[in-house]
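Have a look at this one before I ask anything.
Chains here go by letter, A, B, C and D, matching the order in which they are written, and residues are numbered from 1 within each.
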């Protein structure tokens, strides 16, 4: 393993970017947060006050020119990911990039071609569920044969309803519910089923609450079936309208048993017994639910780069997830099954 | 209400028939089990030894001629249902018939036409889940507005794996997994969503363990999406191969909350804490899970007939369930969405 | 087994008496409810309208003189139990009597002496939890060695709070919380631990809500420790003030595992997910929780008498439970441990 | 708040000491781990290799003389706590000390007297459950009135059985199960009930598996009742012999509801459905269960010292817990209730 720490520059300091920056600054052994970059003055101010003296850039190009940065951590708008990854690789930096790789399939291919020219650099897309301790535990149980041969995954990404429908404003650029949310479930399903390729998908959905989505052909509740090679299946559900919290979890069914991951999104270990019954409160957001996953993901990336190996989802994995997500969107629009 | 008890003849004394007969004999107020009918001598013997002195027939026609029988209770092979219902109605008997009404759509229509000629007679198909106390409780909560407007149902019918694959022998006549199992979920979904008509379905499936199903075009794990009118959706799952028991339940999602019915198929109120963790055992069969539903269903039918009103699923409901189940089978075979 | 049914007379038709009467009339194979007895005209009226033509008495003596009654079923005030059992035995009747045998220890002994003069007659005290399917399942698991050697029981009898404090009116005659409620837990603990004798007890309690109990030296929340012979222990909790329902259950701890019975008093199989979290509703009363136990208990008694064997708690078991309950009351009053 | 970090020296680098050292080195904002101390060469070696260049001492006195150390963190054998705290205070250091303050009541008083001479120094005993997020959530709910007036706590500290009975070797110095384990529950009960003083206790226990404890008058399963002033109660359970894991949790019962904390000691968010039923695995040790509590506790101590205020259990709280734990031990030995 490399003796010196991996020197990281975080690009993008929105809500999730801040969290990544704090993890990298204080909680990831072997990492040194040496630079941040944001076009927003308030975010740069936050970095100066909160983080341990990083260099603060307002321009991505300048950060790439910083020779003390070994790796960039992209927490930027989805539309920028592909080109930013390419630029980082050309600048000789390792890349961690939040999902999705791109909403455009041709762009995915362009990034992968570029990456192939830099085999010494790591590039990973942030499908953090692979690092969540419970998902990891399930993965290990499957590897150990606990449920026989896994043949089906049911997976969901469901947000608590935002009565103000803030996310509707992102509908024009989010790629729609399947590329924005279900892309996580697609990666989880492939990861737990042995990385199969998809053969055919079908999707459907409804607008339950947020009428503003209709003009973009989007829905606030979407469902899908995905058939993989080799007799493997997945069912997906994504929602923007749950009442009880962020209810994101998965189920893997095998020939000798099944595993449920996060079936009840408990906020903590407290149960309340009162006139309404016995209940637990639920994690309100995916930040709360996946706080530990984001940290473990960062630790794994840093360790992997220092040890010269891959960790987490490859660019090819991310491209396949995008390819499937695209097909789901197409199916939703056409009302027909889509062959891949 | 009628002063005298409803005199019932049970037709078919297989495993489920015996259960119905015992319920009607001993546990249903207002019912008198006066006759049974079976072509199997051992089953008739059982009836003589176990039940309170019913008349025992080996011929359905003879039972229909019995003027002391007010209602017949058909627990016979699916292929016989339609004609037996028609014969019973023509003989002036009320009819309770186990699901399905028929695997043939034209036959469904024929039964309905006949029933319309006998408006004074009740005819009900046994979708017992509507009478399970937990399903009923969920239905009442929805009626009371507890989850806002319900727009989606996820429902499953999953059997514990039978290592000997006994059910494969019935594959030629069962109608396939969707008409045999999912038909219950279809009825549940429509019932909980306000009895909408289906617009389009898509189905898929795999053979996980029972290779013998392939020659019949059947699967041992099937999934489906069903789109209803009015922005309502359902997802279905049926399995013959679960390791842990009969796991049959449903989930209803509304604009202000969700209800889960039977999410953990607990066998009882016992939890076991040992070196393997903390666990509950599971109900092994649908008999165990729905024992009370079968009883409540019988009580409701008897009460309804005596009060001159309908109870449970109508013939039209059963026909719509068959229509949707057929479309699922067609989709499974073609790999294409099917419009209804 | 006796060929003819056991002819039963139910004595006392309050809320629980009615339930026993209906069970015996309609749901217990081998039983014939032939007589009832109540001093209350409205209750006798109910019997005439609801039950299948029993002989209706207003005088216990008259019922005992009825030669067509094989067994009496005493659901009368506790203070009457001992003498009524003695009278029934002298009249040659089998006896099922609701708990407690008596609140007076000398009376217990008197009943047992009388019973010894009638070895051909069954006499059982109604500790119905032994017949609850979940308790029975736990008992069988223990017998099968599932938790090694059981050495400790934690058991509780907790009622939902009655804001009107109706039960306070019974405080003068109930015997106090330990003889009224915990007596069930005492029997459960002994039954699950192999029927040991108690050596020493300590009890304490508080008045949380019902100040009217203080004048009777009673509490609305009581706790106790009971040490048995042979290195076995029990902890008890009884409450009259729970917010969420009737929460009555037990835990058995052994050298190789533990069993929890009824740890969450779910009303049914429905879970509700809404803005308050994910919850289940709870059984409101012990009638709801132990409905099936009362039925199984009656079925077991009838079967046992017809087969000439004992079922359920013996008079000696009931006397030991009273002895321990008394010691708990004494400990509560004195603040000292009580040796038995 | 102080601008410079709190410079800490960790004393004792056993299993728990290592965990504290790593937390303070890498995960506690505002803390600088500047020194460690251990008499064990292997532990000092570990510190040199793992921690960020602290000064490494083999002698406590030398660490106290280090002027760059602001606070000491004592993770040493219980018998040393009292004198080490006194020495630290005299050396002008803030003190965090693992529980218990002391097993000797007179020593507790001596420490408190010394602390009163140094009002500018913080001294806290490590009852980490107060910092566990779920315990804290329950505390906040109680403060907010969610369960009305809390009047009873049931709390337990239960370890998974160690078949080799390693802990029996510590029986001579552990103080017995109540001072070693239940002392946590005592503190939790007082904290959740408003810090009442105890009036009377009763304790009992059995040796279920570890016969070697008998010669020290200790047990491997202990139970107790503790009566506090003001009509408040607690029940305690401590075990060294559970099969399923570390099952440490608490329940608070109030006049309008109850809270359960950690009723099922889930290892993670995974459930396993297989032939044995549906289960979750359990946290094996208190390290696993309370990992986050240890971290939050350290963060809270550091923040409190820097802000010049108390955090966590005071020395007086620790002394009261010891006083009650002592009385429990005395009650176990005598079989009598003990008045305080």
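Basically, contacts are C-beta pairs under 8 Å (C-beta built on N, C-alpha and C of every residue); 3 or more make two chains touch, one makes a residue touch a chain.
If you want to know which protein each chain is, UniProt gives these names: A, B, C, D = Gfo/Idh/MocA family oxidoreductase.
Keep in mind it's a predicted model, so treat the numbers as computed, not measured.
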item	value
More contacts between chains, B-D or A-D	A-D
Centroid comparison with chain B (C-alpha atoms), farthest chain	D
Whole-Å gap separating chain A and chain D, where each centre is the average of the chain's CA atoms	38
Chain centre separation (chain B, chain D; CA means) in Å	56
Touching two or more other chains - residue numbers and ranges from chain C	147, 242-244, 256-258, 263, 267, 272-275
Residues of chain A that touch chain D when the two form their complex	26-27, 29, 133-134, 137-138, 141, 146-147, 249, 256-263, 266-275
Residue ranges of chain D in contact with chain B within the complex	242-245, 247, 264-265, 267, 272-282
Chain D residues touching chain C - in the complex, by the definition given at the top	147, 149, 151-152, 154, 200, 202, 204-209, 221, 223-225, 227, 231-233, 235, 237, 239, 241-244, 253, 255-258, 263, 335-337
